[in-house]
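You will see subunit A twice below: alongside subunit B first, and alongside subunit C after that.
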Partner chain A sequence: MKAIIAATIFGVIMMYAGFAVKEKKSIVAIATILLLLLLGVNIWEYKTVVPNAPSLFNFQLRVDSFTIWFELLMTACSLLYVLLIGKDIAKVGKHVGEYFALIFFILVGTYLLASFNNMLIMFIGIELISIPQYILAGSDKRNLKSSEASLKYFLMGAFSTGILLMGITLIYGATGTFNISNFNFLQTEHINPLVLTGLLFLIISFSFKVSAAPMHFWTPDVYDGSPTPFTAFMATVGKAAAFIAFLRLFHTSFGAISGSWMMVLAIITAATLLIGNITAIFQQSVKRMLAYSSIAQAGFMLFAVVSVNAIAWQGIVVYSVAYTIATLGMFAVLLKLKDYTFDGFNGLAKKDPLLAGVTTVFIFSLAGIPLTAGFMAKYYMLQALVMQGKLMGLVIFALLMAAVSAYYYFKVIIAMYFKQGEAELNPDYTTSDRVLLVVTAILVILLGIVPQLLLPAAV
Partner chain B sequence: MILLLLILIPLLTGLLTFLSKNAAKNIALVSSFITLALAAYVSANIGGANVQAWSCQWIPAIGAQLSVAADGMAAMLCLLTGIIFPVVLLINRNKEIENQASYYALILLSQAGLMGVFLAADALLFYFFWELALIPVYFLCSRWGGERRIAVTFKFFVYTFVGSLMMLAGLIYLSMQNTGANSMSIASIITVGKSLPGVQQQIIFWLLFIAFAIKMPIFPFHTWQPDAYEQAPTQVTIILSALMVKMGLYAVLRWLIPVLPYATAYWANTVMTLAIIGIVYASLIAMVQSNIKRLIAYSSIAHMGLMCAAAFAGNDLSHHGLLVQMFNHGINITGMWVIVNMVESRYGTLDLKKMGGLATTAPAIAIALVVIAFANIALPLTNGFVGEFMLFSGIFQGASQYHVIFMVIAGLGVILGAIYTLNMVQSVAYGENNSGAAIVSKMSGAEYAAIAIIIALIIVLGIFPQPLLDLVLL
Partner chain C sequence: MDILQILFWLLTVMAIGCALGVVLSRNPVNSVIFLILTFFAISGHYLLLNAQFLAIVNIIVYAGAIMVLFLFVIMLMNLNADTEPQKSWLVQLAGVISGGTLFLVIIAAISKVGHLGVIDKNATDIGLIKNLGKVLFTDYVFAFEISSVLFLTAMIGAIVIGKKEAE
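Right, the complex of A and B next:
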């Protein structure tokens, strides 16, 4: 709760910082300091959390150590994001303060999505992460592609929000409550058709938010068209927020009737893995490849929702953070390069061995090679699904798809190490960038060896 | 703790080598000799108080431990790894290698991975090292290999990656059956695996076996192998063919047969049939190869097929023969590649038709070639004979109802093996020198040392194999 209030206030401060402070660098610095403060608030809240505390606001919000831990990790990821990419955010346009304000508001939405206990709060959370993302997508106003991305995202997003509301309404009609832990359809053998229809709407809407097939089609255009620094945020923290909501809603309220929706979601998962991975193979631009790979990774994250067990909660935490760190790293590397195509990476190993080295670590993590955080993330997800035990076919299919993903991820490595060429770097690539990238890469490896660092002590 | 050093020394010196410039070659050599000394010490004291298993908690939530242990089989393979790497580093001492710091660093890292695979006593750790051994080799082949290296190495990578993911699924499934602590330890995996019902055992069996079969490689999963051997730099080919394929066999012996006894017995005939098809098929193809590297690559498929068949024959004799033969095959095939490397650097070609006359131009190399070729076709008094004799007797006494047929067809492979090997010796060593290379330089000191290690082992173990048997039977 403290963090929600703090993040809101910090967001407002950032809005006014744009008026008061003209120097872009100072605005980035203020945002970094505020994020650090926010992280402090998160830690304070985590240290003082009361076990089995009553939920807040008449059961609107649930505040337990897991929730706060997830919020803490998301703040930490945002901090990493601003450290790695902050300089490039300042280059997108004039209104730097507002961009950071929007990022703080997305964080507020993320906190709500991590802790809601009421579908209306969930709806507010979804809107809070979506609307700032529509704006961020279109923040490069002079660029037609950016405007197109924003419009597309907004229209589709608004539509899917409508479907979400419809789903919530139907569920309310059937159960008479918005409180997700109070649904009383659980006792009946025959599930009310209203609930089933509502569930379907919820699944459709959430599939859209997490870019799962067949609701994924907006992702490549929006990710490709948006300014790269914001794509990095949308693909990571924005996505993790949508996933934690998906998981919380479906485990807490619909876990008991999982038989009715598990198969649908399993098919969506398989389709997401298939479409994301196969389409990613044909991309020429690394940025677009990362967009498709984010669809493919969403397929793995959906494992958590499909499995409905305790390991899934650990899995989603480890996966969100592992994927976020590696993807942020990849986008930070991408921003150092002039050319976003695979050819732009040609010969990078000769030109800048260090940059090539850290890129290799991020790519390994995304591909799920052992000794990186990405492997442990996939491991937790597979474990959750194997433990659930009903969908072994999906496990095998996902592994085959993971092997396919190695194909397009390794194209980057082949370009960097084995092809001749002159990769062109941006001139403002400084020593501090190098240090940050190396620290991020070390973090990826460290989490690949001791993934339990990502889990709260209690879980 | 000493077992941990076997992994840590190549790992740390490997990382150190990345930073060195011109000293890389020597750092790597010194490191490999230190590892050899340690491996020899471990093998001599196996079972003793100094060579104890070591373990500590790693990820308790998923039951994984950092745990290493060695029995006779593991010690033997560590010793083999310890012997092969100095040989690998001794040849090509004079060759200029582009970006040599990375080259030697990656070689050492692959050694760390191999040692880890042989010593790991925890499934997750085993999987980590299984991949860690692959990644450096991927970079070595893609960066320093032949013309088609990128595509070929990538095929190799994807094959083995698919296999290892299958294995991962199998191992996760096994570990999930035990809800207690340390569910990833080999003891737990074996207990759980044995008690699984038949159908589950069979599913897991194929998940694991495909991974191991790709690595060995067993027909029909072998198609990556000839290309990869041909395109890899010869030093890396040695690592691949002498050691990495043993990872597959070792995994079968450690992580498959004891874990899933019912499924192993159930599918033994199928696997043996595949392996024996592979022997004949690879031998026939080897006979018509004109590229010497491809010829040896196919001969290696035939040898691995025989060993795999013996692994599934299901009696002690074949099992012991297999352990002995794993070591001997490693030595012999390394010898073959060392010769190939010398011939290639002198004649500048791999085409058998363009060679010849080595016996007159460089008699020492020719003699070494003949000795190693004899060992390769398992003539008595060479090390190959002991192992292969035990393998064949083992297959003949096997539990399968088709044991005689298996033995006869596999025996055919040996005859074919003699034909193509001797053909190769003939076209390399005798006849006219067709290469156009005017001056064929003598062996350098380092090459002498490498060849001496190989030939000494061939002859000593051929006449007096008992120490090796004593080691592997511990």
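Right, the complex of A and C next:
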């Protein structure tokens, strides 16, 4: 709760900074300081969490140590994002203060989605992460592709929000409550058909928000068309927030009737893995490849929702952070290059061995090679699904698809180390960028060795 | 059949008929007019449910503000001509099949529900402004306050996207 208030106030401060401070660099600095403060508030809230007071506002918000821990990690990821990419955000357009304000408001939405206990709050949270993303997607106004991405995202997003509301309405009609831990209606053997229809709608709309397979068509165009600094945020923190909501809703309220939705979600997961990985192979642009890879990674993250058990909760934390750090790193590298195609990476190892080295670490993590965070993340997810034990076919299929994913990820490494060419770098690539990229790469390896660092102390 | 039932069926027929009119009419201006009529019919339903506030807000916000905006956009961009490109029959078939499947699912669900048994007898005047305000500022005060952040983002969006970017 403290963090929600703090993030809102900081967002408003950023809005004022937008017109009071003229220098773009100082706006980025203010945003960094405010994010550090926000991280401090998160830590304060985590330290002072009361174990036996798990909800606020008449059971609308849940404030246990897990949710606050997740919020803390998301703030830390946003801080890393601003440190790595903040300079490039300032280059997108004129309204730098507003961009950062929107990022703070997305964080408010993320906190809501991590801690909601009421479908009304969930809806506001989902809108609060979606609407700023529509705006950020279209922030590069002189670029036609950016406007196209924004409009496409907005129209499709509005449509899926309508489906979400319809689902919530049907479930409310059947149970008479928005409170997700109070669906005693659902614990019985006899399930109301209205609930099942509502459930179907919720699955469709959440699959859209996390870009799972049959609802993924917006992802490549939006991620490719949006300004690269904002794509990095959408693909990481925005996605993790949608996933924690998906997980919380389906485990807390529909966990007891998991038999009636598990198969649907398992098919969606398999389709997501298949389409994401196979289509990624044929991409020429690394940015577009990362968009498809984010679909494929969403397939893995869906494992947490499908396997209704405690490890899934640990898994989603580890996966969210591991994927976020590696993807942020990849986008930071991409922003250093002039050419976003695979050919743009040709000969990077000769030109800048350090940049090529950190890129290799990020790619290894995304592909799930041992000793990187990505491997441990995939390990947790597969473990959750194996413990659940009903969908072993999906486990084998996922392993197969992870092998396929190595093919297109390694195309980047092959381009960097084994192809001749002159990779062109952007001129404003400074020593502090190098240090930050190396720190991020070390973080990826550290989390690959001790992933327990990512789990809250109590769990 | 008492007067309430007659009103209910009248409004229902009007709502469904006008909603079909929105989808089926070729001219976008006609579609918008049909949509306004649909909103009026739904507001009538709200009135039957003793939710006067919702009925009035529905008319003011949707029929009043949003639909007028729609009409303005359609007229300013001169969209009233029939310029909708024809989709190929394959796309049309896919749309009919998927829409029909969804329709079937919903019909099947509703036909099996029977009596829900969750209607709260005391809540019949919950739609009055007094009660609504009470609930909004006590039970749902957090949701109410946090929506202000949502509106703030929407306003920022209007500024970021709408403001002229001088070189």
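Criterion: the second predicted complex is superposed on the first by the 457 of 459 C-alpha atoms of A that agree within 3 Å, B and C clash if a C-alpha of one lies under 4 Å from a C-alpha of the other, contacts with A are read in each partner's own complex, and residues count from 1 in each chain.
Criterion: a residue touches a chain if its C-beta (ideal position, glycine included) is under 8 Å from a C-beta of that chain, and two chains touch if they have at least 3 such contacts.
The structure displayed is predicted, hence computed values, not measured ones.
In the superposed model, A:Ile121 makes contact with subunit C only, not with subunit B. Judged by the touch definition given at the top, the superposed model places A:Phe159 against neither subunit B nor subunit C.
When the two structures are aligned on the shared chain, A:Leu400 is found in touch with subunit B, with no touch to subunit C.
Shared-chain residue A:Asn58: touches subunit C; no touch with subunit B.
In the superposition on chain A, A:Pro132 makes contact with subunit C only, not with subunit B. Of the two partner chains placed around the shared chain by superposition, subunit C is the only one that A:His95 touches, whereas subunit B remains out of contact.
When the two structures are aligned on the shared chain, A:Tyr16 is found in touch with neither subunit B nor subunit C.
One of subunit B and subunit C touches more residues of subunit A, and that partner is C. Legend: residue contacts after superposition of the two complexes on their common chain; A:Ala174 is shown touching subunit C, with no touch to subunit B. In the superposed pair of complexes, A:Thr8 makes contact with subunit C only, with no contact to subunit B. Of all residues in subunit A, those touching subunit B in their complex are 314, 364, 369-371, 379-380, 382-383, 386-387, 392, 395-396, 399-400, 402-403, 406-407, 410, 414, 417-418, 450-452, 455.
Across the complex, subunit C meets subunit A through its residues 105-106, 108-110, 112-113, 116, 118, 120, 139-143, 146-147, 149-150, 152-154, 156-157, 159-161, 163, 165. Of all residues in subunit B, those touching subunit A in their complex are 58-62, 124, 127-128, 131-132, 135, 139, 142-143, 149-150, 154, 157-158, 161-162, 165-166, 168-169, 172-173, 176, 203.
Partner subunit C is touched in their complex by these residues of subunit A: 4, 8, 11-12, 15, 56-58, 60-61, 93-95, 98-99, 101-102, 105, 108, 112, 118, 120-121, 124, 127-128, 131-132, 134-135, 138-139, 141-142, 150, 170, 173-176, 192-194, 196-197, 200.
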